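Input: structures, listed below.
You will see subunit A twice below: alongside subunit B first, and alongside subunit C after that.
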Partner chain A sequence: MIAYLVTILTLVSIAAIVALALNLQWGLCGMVNFGIVGFVALGAYTTALLALAGTGPILALAGAVAVCALAGGLVALLSVRLSEEYLAIVTLGFGEIVRVVSLNEAWLTGGALGLPGIPRPLIESVPSESYDWVFLGLCLLALAAVFLLLESLTRSPFGRLVRAVRDDDVVAATLGKNVLRTRVVAFAVGSGVTAVAGGLQAFHFSYIDPSQFTPIVSAYAFMAVIAGGRGSNRGILLGACTVMVLLEGSRFLKDFVEVLDAEQLASIRLILIGLGLILFLIYRPQGFGREPRRSAGSLLGEAAADGRERTS
Partner chain B sequence: MAQLVLNGLITGMIVALPAVALTLIFSILKFPNFAIGAMLTASAYIAWSLNVLAGLPLLAAAVLAALLFALAMVLTDRAVFRPLRERGPITLLVASMGVSFVLENLCRLAFGNLARNFDIPIARPHRFWGLRVNQEQITTAIVALAAMAAVYLLLRHSPLGRAMRAVADNPALAAARGIDRDRTILWTWAIAAVLTTIAGVLVGMDRAIDPLMGWSYIISIFAAAILGGLGSPVGAVLGALVIGVVQEVSTLVIASNYRQAVSFAAIALLLLFRPQGLLGQRRIKR
Partner chain C sequence: MQNPHEERALLEVRGLSKRFGGVAALSDCSLSIAAGSVTAIIGPNGAGKSTLMNLIGGLFPPDSGSIVFDGRDITHEAAHRRARGGMVRTFQISRELGQLTVFENLMLAGQDARVENALVSTFLRGRVARSERRVAERARRLLERVGLFRLADEPASALSGGQKKLLELTRALMLKPKLVLLDEPAAGVSPPMVRELCDTIAALRAEGLSFGIVEHDMDLVAELADRVYVLAEGTRLTAGSYAEVTRDRRVVEAYLGGVA
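This part shows the complex of A and B:
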């Protein structure tokens, strides 16, 4: 039971990292990334290949972040001349390409059989019975680091610029801001963050294959972001945990409802996510959380008192 | 080579139907409908249930499925898209992804992952001038061409078509001239649903019906519609034919698993060099 909980928490923290990345791209910058699972997969495969080549976990993860950030930047650049709707289809296509390549280029990715035996970090220096706890610690550490990074980014001038571009890119451009660069950077940073999640997933299972990277990963992320409240990193953290615990918890249902097999449960889960997305969009588009915004009053107060940031 | 081009044209005709549906929805409702793949799947399953489970002949099953599915999509619009109408394209396209999850997984829940086939006799392929042509391909060509002609006539020469073009052009002006936008939107969904049902049945005849069948076409459908310049039905048809032929001919040099990737490459190149599409007149913002 405890082991099960540790595993769930590990998976939840990995999913939360994906959701935070999507929040930067979609929540803050308005760039819909339907192919986010492709970036997770790209990160996982890059990490796995580098780790298998013996670079050590840190370098492998760093390499994955670089590769994904580059890929994200290029994908964002593809749709520079167009409105945001086109980015959605471009990212969907990117996700599909990653899937097809990982399935068919067996010389590189092991094809459908996947890549086994990915060396896990710290495996030699930690006794095996407590390894899961240590790995959970690593994941939570990564999650905390990502959260702090994105939270400071959100509150920085760049974060305000990103939201300005989302709300009205013409106004932002008129004010002399470089809209294109803002979008590309935001998307690239988000993709880099997804690579961390992919890498952790590769280390966690120490084995990856294409079946781990199905659209359900994207669905979780979208559900977490919309439930948590677009724009609010804290809300997303809460949203991701709620969504994942509820959905992972539904595995227990299998023990009670014997007529359902795993496949049917997976489809019920996706139906629930679909309905949840729609209901949230209609009835509670702001989600549970709230985007940190400063009111004019707090800004004026800050100018006078030089200090405290307030969310309003 | 000629065989590949022929196969490509047939594939293109199938893709053209949902591509036209996508482009109609885009021009009237101003959002890219990501549920188009799942609509293909769901309509094919409805037709399959009527054909195999209820024992209707395929033609009757297809007609009834088209009507039922049109009703289903009209209700979906009422329940999902109507409350979100004024919230902008991003919200609508995310909602359409939600609809896509629901439709596709309802099919999986009800029918499982097994591939299903329609109850139709298997016919020997015909040969014309050394080209192999299946009975299904002939049916596909006739049905798809007839459907496209019907949509063209409807858009060009019926009051509904005029209303649709007016709403697509300028909703406010259309409303001022007394065109009922909500009614036009309902008809748009109905037409889109009928087109996807036809395509779903044709795909089911040509290959098989499984929960992922729509998913495996979605990128080609979008590529076709974007190639034609989103919003132009004739462009979508031409785009679909180009995509179909390019996909088939590309199998000479690239493994056939990469079909969707070829469509994607077409989208990418197009977005970089001619973002308004082949026939699009509409200037896309930015």
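This part shows the complex of A and C:
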């Protein structure tokens, strides 16, 4: 049971990283990314290939981040000149391209058989019975780092700019903001963060194949952002946990309902999860959290608190 | 090109035309706005006033004609470059950034692109904080000036129509522009607030700021405009002082619907 919980927590942290990345792209910048699983896969394969080639885990992850950020920037650049709906199509297309390439370019990706034997970080320096704990620790560390980075970015002038572009790109341009550049950067940063999740997943299973990267991964990320509240990094941590509890918890249905076979149960689980999400949207449409807004007082620093009123 | 009889032209629009499908929204329109002046653009509904604003602001390109601002040809410049160059406009239908607070709307407008850079925003925290505080001080002074500071932390979407118009004006001022283009700043604004608006514009002109104002409120035009352009059906009918254009028979006819 404990081993199971450790695995679940590891997967939750990985899923939460994807959700946080989607929050920057979609929640804060209004750029929908239906192909986010493609970026997870690209990150995972890049990490795996680099690690298999003998690169250290940190460097392999860094390489994956760079590759995904570049790919994300290009996808955004391709589609932001078109209207918003096209981004949905382009990102879906990107996800599909990554899937097809991973499936068919066997010389590079191992095709359907995947890439086995990815060296796991710290595997030699940690006793094997406690390795899963150590790896969970690494994942939580990565999640914390990503959270802190994105949270500070959200509250910074860059975060404000990104939210403005989402609210009304014409106004942002009218106020001297380079909308195209903002979107490309936001999308690239989000994609780079997604690569971290992909890399951790590759290390976790020490084996990747195309079946790990189905569109359901994108769906989880969207569920987590919707449940967490678009824009709110904190809410999304909670959202990712909730979605995972729903998904994993409903696995135990089979212990209570014995009349159903596995296939029926799988469908019922999906129905239940959908129902849960709908009920959630009805009773708490804004999600758990709200995007952070900086108060005038905090921006003015102490000046406002002093009561040194300066009217002109 | 400068007209020796006029003050230095800050904005010079020549032969601007724009069609939307079969509609000639603007045809061969020329006008100039002198530095430090308030120039009004009036005309009946559908005359092409907002289209002119959109062309000058860079929302879409003209079919023909040129726009010179501050000695620079900006006809094909992107909207955000025009804004950085010192020209900022507001919209006839207020476009507040609704999810941002009133204060954040102003902060956004006042902050420099170099500080909004993602890397700078993340890693040069001290520099960002100092810059933010400077911008925040200006934002507070401007909001106090128009009486919106008490609403600073409200989301902009919660403001009334008139307050949104004032927010757009103050937000535009945060860019420290040379020229402000206002599309019907008094529409939907309560009379006391229109008074406030007039005083604010007059005071800013005294400080050297130039304005181009599209407005239906003739009292406001009479009070503020140094020069008035009259548009009808996409063409420039006449131009002159307020007294001159209102004496013009063609203007009266245009407003009554029967263009001569």
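Note that in this section the second predicted complex is superposed on the first by the 263 of 312 C-alpha atoms of A that agree within 3 Å, B and C clash if a C-alpha of one lies under 4 Å from a C-alpha of the other, contacts with A are read in each partner's own complex, and residues count from 1 in each chain.
By our rule, a contact is a pair of C-beta atoms (placed from the backbone, for glycine too) under 8 Å apart; a residue touches a chain by one contact, two chains touch by 3 or more.
Note that the coordinates shown come from a computational prediction; the quantities given were computed from them, not determined experimentally.
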For A:L175 in the superposed arrangement: first (subunit B), second (subunit C), both or neither? second
Check whether A:V245 is in contact with subunit B, with subunit C, with both or with neither, and answer first, second, both or neither. neither
Is A:L92 touching the first partner subunit B, the second partner subunit C, both, or neither of them? first
Tell me the contact category for A:F34 with respect to subunit B and subunit C: first, second, both or neither. first
Have a look at where A:L108 lands relative to subunit B and subunit C in the superposition and call it first, second, both or neither. neither
Is A:D167 touching anything from subunit B or subunit C once the two structures are fitted on A? First, second, both or neither. second
Please report the subunit A residues shared by its interface with subunit B and its interface with subunit C. none
In their shared complex, at which residues does subunit C touch subunit A? 57-59, 78-81, 83-84, 88-89, 91, 95-101, 103-104, 107-109, 111, 113, 115-118, 121-122, 125, 128-129, 132-133, 136-137, 139-141, 144-145, 149, 152-153, 155, 171, 175
Once bound in the complex, which stretches of subunit A touch subunit B? 30, 32, 34, 78-79, 81-86, 88-90, 92-94, 96-97, 100-101, 103-104, 169, 219, 222, 226, 263-264, 267-268, 270-271, 273-278, 281-282, 285
Where on subunit A does subunit C make contact in their complex? 149, 152-153, 156-161, 163-164, 166-168, 170-179, 185-186, 189, 231, 291, 293-297, 299-301, 303-304, 310-312
The answer for subunit B against subunit A in the complex is residues 31-32, 34, 80, 83-84, 87, 89-91, 93-95, 97-102, 104-106, 108-109, 112-113, 218-219, 222, 226, 255, 257-258, 260-261, 263-264, 267-268, 271-272, 275, 284-286
